[in-house]
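In the two complexes below, chain A is the common chain; its partner is chain B in one and chain C in the other.
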Partner chain A sequence: MRPYDAIVIGGGHNGLVCAAYLARAGRRVLVLERRERVGGAAISDQLFPGFTFTVYSYVVSLLRPEIIRDLELPRHGLHVLPLESTLTPLANGDHLAQWSDHDQNRRALARHSPRDAEAYDEFGRTLHQMARAVKPLLGTVPPDPASLAPGDLASLARLARHFRGIGRGVFHALHKLLTMSAADYLDEWFESEALKGTKSASGIIGMLLGPCSPGTAYVLLHHYMGELDGVFRAWGFAKGGNGSVSAAIASAARARGAEIRTGAPVARVLVKNGRTTGVALESGEEIRAARVVSSADPRRTFLELVGEAHLPGELVEAVRRFRFRGASAKVNLALDALPEFTCLPGRGAHLRGAISISPSVEYLERAYDQAKYGEFSRRPYMDIVIPSMIDPSMAPPGKHVMSIFAQYAPYHLNGGWTDARREALGDAVIDTLAEYAPNLKSIILHRQVVTPADIERDVGLSEGSIFQGELSLQQLFSVRPAPGWSKYRTPVEGLYMCGSGTHPGGGVMGAPGRLAALTVLGERP
Partner chain B sequence: MLRTTPFHARTAALCASHAWRRWAGYVVASSYELSHSREYHAIRSAAALLDVSPLCKYLVAGRDAACLLDRMVPRDVSRAGIGQVLYTPWCDAAGKVLDDGTIARLDDNVFRVTSAEPSLRWLEANAAGLDVSIEDTSEATAALALQGPSARDILEQACGADLAGLKYFRLTPARIAGHPVTISRTGYTGDLGYEIWLDAADALPVWDALVAAGTPHGITPAGMLALDVARIEAGLMLLDVDYVSARKALVASQTSSPYELDLGWTVNLGKDTFVGRDALAAEAARGPAWRFVGIAVDWDSFERLFAEAGLAPRVPLAAWRTSVPLYAGGGQVGYATSGVWSPLLKQYIALAHVQSRWAAPGTTLEIEVTVEHRRRRAAARVVKKPFFDPERKRA
Partner chain C sequence: MSRRDAERWPQFCARMARLARALELVYAGPPPDPLARSPGELVRMAGLAWRVRGLGRKAVEDLLRVLPMPAADLLDDWFESDALKGLLGLGGVMHLARGPRSGGSAFALLHGHTGSPPGVFRPPRSNVAAVLARLPGIDVRRGVRVARIAVRAGGVASIVLASGEEVVAECVVSGIGPRRTLLELVDPAWLDPELVRAVRNVRARGVVARVDLLLDRDPGFATLTLAPSLDALERAYDDAKYGRVSQRPALEAYVDGQAANAAGRHRIEVHVQYAPYALAEGDWDAARRAALVDGVVQALAAYLPGGAAAVLERTVRTPRDLESDLGWPEGQMHHAELALDQALWMRPVAALAHYRTPIRGLHLCGPALHPGGGVPGASGRTRPARRFAAAAAADCSRATAAPTIDAVRLHCAAARALSARAAAKTRLPP
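Moving on to the complex of A and B:
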């Protein structure tokens, strides 16, 4: 049997994407996944008979179109269904709704502020232009600005040319976006509190930062990037939940010859004379390969699997300082019937979109205040979808599942996470939501609460950081995961990184997996 | 005046978009919602309910019914079993296609024929001297299509019968809400799906029963825009859009033979005789000059054209129905007649007529694309039809 050309540690979606690209290039690849299933933070599970939960991540917004094409994911079962609205229920019984249809959206916004309704289009156009300006970065291996190597210089020159081409106005707008808080940035555009609250929420996803913290404006853009490829409908709900995204990528990888082993935790990356020679499993089994690609986050990869002894002190320091600080929780519900929102009763189209508990920037900032001092938010921000309304096969006919993403639930909770604290968090989420949908408590058949501590233990994400490390500016692009090591390589010859902890970061995006594979193959993306 | 279908009381109430389209003298919804997007996705992920009543329908009965149809169409009708449905084109004496539709054998000597254009005269013209009766049931018979992966579950519940045994292109009598219907496992979407044929007088209660049974499964009334996307993905052609009926063609070059429409599989030259047989036999020997193929537009090339204009790529989210030139080897070698961005396959696809030497799957062509008012060309490839062919369609 031919030895493996490469071993991929971790069968999260990035590990699978990486393996698929390596296999596509004719390499013999083995994926080793610790858990009994692939997918990492992108899995679907029948935790309650007949009800499929999309346990952690729940929407697809950034999955790269080139990956969808190259791996022919639709032929392997990927079907992204559109999510076409966002409903923000308000405490006074009113609501703000955003719709994908232009006219409908305008009317809905004008009810709150005719000015906002007009500014909305211009805001959209500006973000579109900025996303266009930044988008090439998503498909590029970040050059090292401190390096004089020809490859880095050529790549910097290409980027410089690109940025010269985008025009002054966009460049200045981009500068603002990179330095401001989401709240300040949105204040320049809108006046309606509910609209600003809801828009600013995408600036805080996965971060232990509030909408008034500088740097959060950029995250707005990060999440807007998916909209650019609007035709790819990357923004939506994957039929079957996010587990089916992972399943499609796994199927594409297998079809190209990759082997995938689950229940195979890696204990150590084998290193000899500064080179990797393969991996050792927790079972003691050793598997040889000249190249090893780790999709685990930087802390796990460097400090646990490789070990400080094989690494330069500077890198060890940088990895120790790399900020994780998980702040997000999930509450997944099996429901006997649909929730009735006081602000918009009945079974309308609003139940097929996102429902956002973000009545104002102040509400979000207050939720953050508690987290800043080590408590979970008593009245959290929530992003809710009812997957069974979009894909009825997620629950038995007439029944429903609800996915609630909630913030803030800090990993470093005062006194630590216990079963009791987990359920208390679940209660806070349900109590808050029940203020807007009073029948909620009476229709819950089953409830699963997932804290950052659970995410760390079950998915392996350090501190439960949903993006394998914060998407704050000091941790992005050329310095993700550490200065000098942004190009998927490590100080250990033959060892590469391919998880969300590398450029361009987290989300069900696949870009790190693809770029890492191209680096291993020595190809220019 | 345009006519409305027997379901109009229901469809009009649902039609929030106020977007209607003409079909064979009737009005039907283009889309019910403001955009057809969700209606399309329902076809591929749950179930869509479509009003297809405007189809022309004929009941052909009598001792010589099979003989009449065998004379008219190139497929072998007498060999069809009771409960079988045949899709078939039919031709004029020159072997050029007049229309296409289905023939359902309801009983030994009873058939239902559907067609896109009125076909009574053509049926009667071919019936000379035969013992058959031909009845135009277009108005008296209402028809619905229930298409999508959940179609079977919904229909089983609505008619209280097990449909697992009903194979692709077979039909069965059933009852819905107490009313007699015929259910055929056919459709125009290339997905798991059924068509339901019923007495126009029973239209509303049957619609209501299907909606009630389907609601927990996500049943979604869908209009013609959604259907148009699905039928292109399924590689199914449409009269007056993808081909011109020989009855209407003004010059011979506008007509197409079954071979030229990729329907050679329907032509049974082993039959003694049928209209157009000799011409088709000669063409089969010679090889057709044209082929009807699937085209996939190359994304990178398409994206580049827009990037050169400083724009993000713009794809057609609703199907277009115009003639778009295709080029190869320095000249025009064909034309696409329907195209759309497939939301499922994430591919810009089209149906096209190309000269035979450019028709092999994998052949590289160029397709005209208008970018910012300028005619440009994007690379495209000939691919196998159907573009989308899920196992559940036949399973």
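Moving on to the complex of A and C:
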């Protein structure tokens, strides 16, 4: 039989996207997944009979449209249901609701601040312009600004031309957004605490940074680039949970001839004379291939699978200081009934959207204060969805599943994560949420708490970082994951990277997988 | 304190010095304008890029990586000693409303390193302002207050003093910051509302108080820093974040050796951070001022020979006093906070980055303009050196940027000599 052209390590969404693109180009590809099923952090599971959970991630929006198109994902079962609102319950019994319907949204905002309702459209337009200006970067292999190679210089020149062409106003606004804190940035626009709190929350997701720390405004934009069916800032929920995103990509890869082996943990990448020759599994089996693409994060790829001996000291140093710092936890609940929010009782449309516990910037900043000294937030920020409201197949009739993304739960917890601390975190989350939905505690049938330590152990993401490394300015684009190694290549010939630890980062986007595949194929994106 | 840190120190100093050199190249002229169309500016920028690249591949990589970093991350990458990291970390937050874990504080640390020799991470203290004021051809009138700038037909006509006196001039250079210049001295009707909004949004949050002590004896140090760890700094910042004076502020005490008088008395000037301009509760009343001074004396007493009893006189200047005495907006020494979003072509706002205002003949200078303030911790006697005022002057006379570069050179050379001397006398508290 013909040997494999490429082996992809890891069957997360990026690994699968990469494999699908390679197979599409006629390469013989093998995906090796450590666990018994593909999907990485994008999996759905029946943790409790009859209830389906998206265990780790929870929404889709950033999945690149060209990937959906190229791989014909809808044909393979991808079906995204839109989330149409965000509800922010407030401590005083009031609430702030944001709706995808423009007029409804305007009325809801005007109730808090007519000025903010005015500013909102302009804000949306500005962010939209900036997202459009940045978007081409998502499909670009980052050049090396320190290199004098003609390819890099040409790519830099293209970038310079692009940014010089976006207009002075947008350019300056973008500069500010990249370098400011979400709190300062929003202060320039809005006055309502609830609105600023909820908006700035997009800037801290997955980061061990508070909304007042510079750099968080960019993450806000990163989350603004969601593009479903060409509509900016539309978040969706995959029918069947995020596991069905992975299943669709896996199906697309298989349909094009890729082989996927689960339960096949890779122990190391075989290197001979500076070239990879394949991989060795933990079972001792060796599989040969001239090209190996790792979707594991940079730390796992370089320090565990390859080993320092085969790498230049500078890269090892850069990988060691690459920051992960997982900061978020997930609490998954099986519910006997719907939660009743005091601020908006009853079964309303708001339960089909996101519910955000982010009453003010100060609330988030205080949650961060505890985390930066190694404690989890006693009153965390939460982003909640009730998938069974949108997709009834997720739970038995009349029952519900609730997905709570909670922050901050730092990986580096004082004293380390234990079972008792995991449950204490779960209690803090439930106690805080019960302040807004008092019936919550009495309707919980099952509770699962996932800490960053659990994510690291189960999914293999270092320090439980959901983006495979912080999305801070010093770890983006040309320096992600390390200066000089942003182009999916590694110092080991034939070994490539395709995980979220490479440009443009995480968020079930799939772009790193695609760009890595194009690099392996020697095509320009 | 740490053998490992001692071994890494020379390499750290070399790497940071190279970055500071790169910044100095950018600081030696007006800010680059990445959107410029004029061939002259494009050539200048290409030259700049070439010279920065000339510092080596590592310098370019470090620039990209280090500037947006939190100082805490940078220092954690290199060192393990809390004392060393606290001391350096203070350099990253000096005068700024942020903690060492906030992004961009590494940039502030490097900013303070420019003009200093490798290993000196505090800005030089120099008398360059006094020297410049004595240059021939400059009239300095003290004790006058400018009430407004009169504008006629879109151009500066004169300035009107508080006394009513009118001084006619076609070119006015203001060093008091964009907000006061454009929103208070000029009739805003002359300005575009967008610009007014941008100027209002310039962040200038003061977080520093100054305490001056008179001692009856030689304190036995030149500079004393109380910033025991990055966590201590961060906790001090936490208080300020919510509008409170730090319970345990970071202190940096400077002794002015020349001010020792005949009776052997010494003046110490203490930089106290954080003491926010805007307090969440209450005001800067007498009780709060007294509490601040007492706290400072108490904290320093352990390191002063003779303890608190050696302190003969104590005075405090809160951010409000620094605003009224020195003209620092909200008590902010940099006039516009030194942050990446208010740096280079964005300093203080994009439309004013080139020292010009929309009013013909009205120019800006001072720390709010590129490249920013440079003498943190200076005493009340030394004004913040307008070391780059020359840039505005050059611009005003439509001359080239050459005088700026000379000013920087002069300043850097003087500063190197001074800070080398200061460094020799600096020591860590036990």
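Throughout what follows, the second predicted complex is superposed on the first by the 517 of 525 C-alpha atoms of A that agree within 3 Å, B and C clash if a C-alpha of one lies under 4 Å from a C-alpha of the other, contacts with A are read in each partner's own complex, and residues count from 1 in each chain.
Throughout what follows, contacts are C-beta pairs under 8 Å (C-beta built on N, C-alpha and C of every residue); 3 or more make two chains touch, one makes a residue touch a chain.
These numbers come from a predicted model, not from an experiment.
Colleague: After aligning the two structures on chain A, examine chain B and chain C and state clash or fit.
Modeller: fit
Colleague: Contacts for A:Arg132 in the overlay, against chain B (first) and chain C (second): which applies, first, second, both or neither?
Modeller: After superposing on A, A:Arg132 lies in contact with chain B but is clear of chain C.
Colleague: Quick one: chain B or chain C, who's touching more of chain A?
Modeller: C
Colleague: Figure out whether A:Tyr373 sits in contact with chain B (first) or chain C (second), or with both, or with neither.
Modeller: A:Tyr373: touches chain C, not chain B.
Colleague: Look at A:Glu365 in the shared chain and tell me whether it touches chain B only, chain C only, both, or neither; answer first, second, both or neither.
Modeller: It touches chain C, and chain B stays clear.
Colleague: Using C-alpha centres only, what angle sits at chain A with arms pointing to chain B and chain C? Round to the nearest 10 degrees.
Modeller: The angle comes out at 130 degrees.
Colleague: Determine, under the contact definition given at the top, whether A:Met180 touches first (chain B), second (chain C), both, or neither.
Modeller: second
Colleague: With both complexes overlaid on chain A, does A:Pro397 touch chain B (first), chain C (second), both or neither?
Modeller: So A:Pro397 only meets chain B here.
Colleague: Once the structures are superposed on A, label A:Pro74 by its partner contacts, choosing first (chain B), second (chain C), both or neither.
Modeller: Touch partner of A:Pro74: chain B, not chain C.
Colleague: Considering only touches as defined above, state whether A:Pro114 meets chain B (first), chain C (second), both or neither.
Modeller: neither
Colleague: Shortest C-alpha to C-alpha distance from chain B to chain C once the two structures are superposed, in angstrom?
Modeller: 19
Colleague: With touch defined as at the start, can you tell me which chain B residues reach chain A in the complex?
Modeller: 33-35, 37-38, 41, 44-46, 149-150, 153, 216-218, 299, 312-315, 317, 341, 343-347
Colleague: Tell me, which parts of chain C touch chain A in their complex?
Modeller: Within the complex, chain C touches chain A at residues 34-35, 53, 57, 60-61, 64-70, 73, 77, 98, 101-104, 201, 203, 231, 234, 238, 241-242, 339-341, 345-346, 350.
Colleague: Where on chain A is chain C touching in the complex?
Modeller: 145-148, 160, 163-164, 168, 171-172, 175-176, 178-181, 184, 188, 209, 212-216, 321, 323, 362, 365, 369, 372-373, 472-474, 478-479, 483-484
Colleague: Quick one: in the complex, what on chain A touches chain B?
Modeller: Where chain A meets chain B, its residues are 65, 68-69, 73-75, 79, 81-82, 84, 100-101, 103-104, 128, 132, 228-229, 231-233, 239, 349, 352, 389, 391-393, 397-398.
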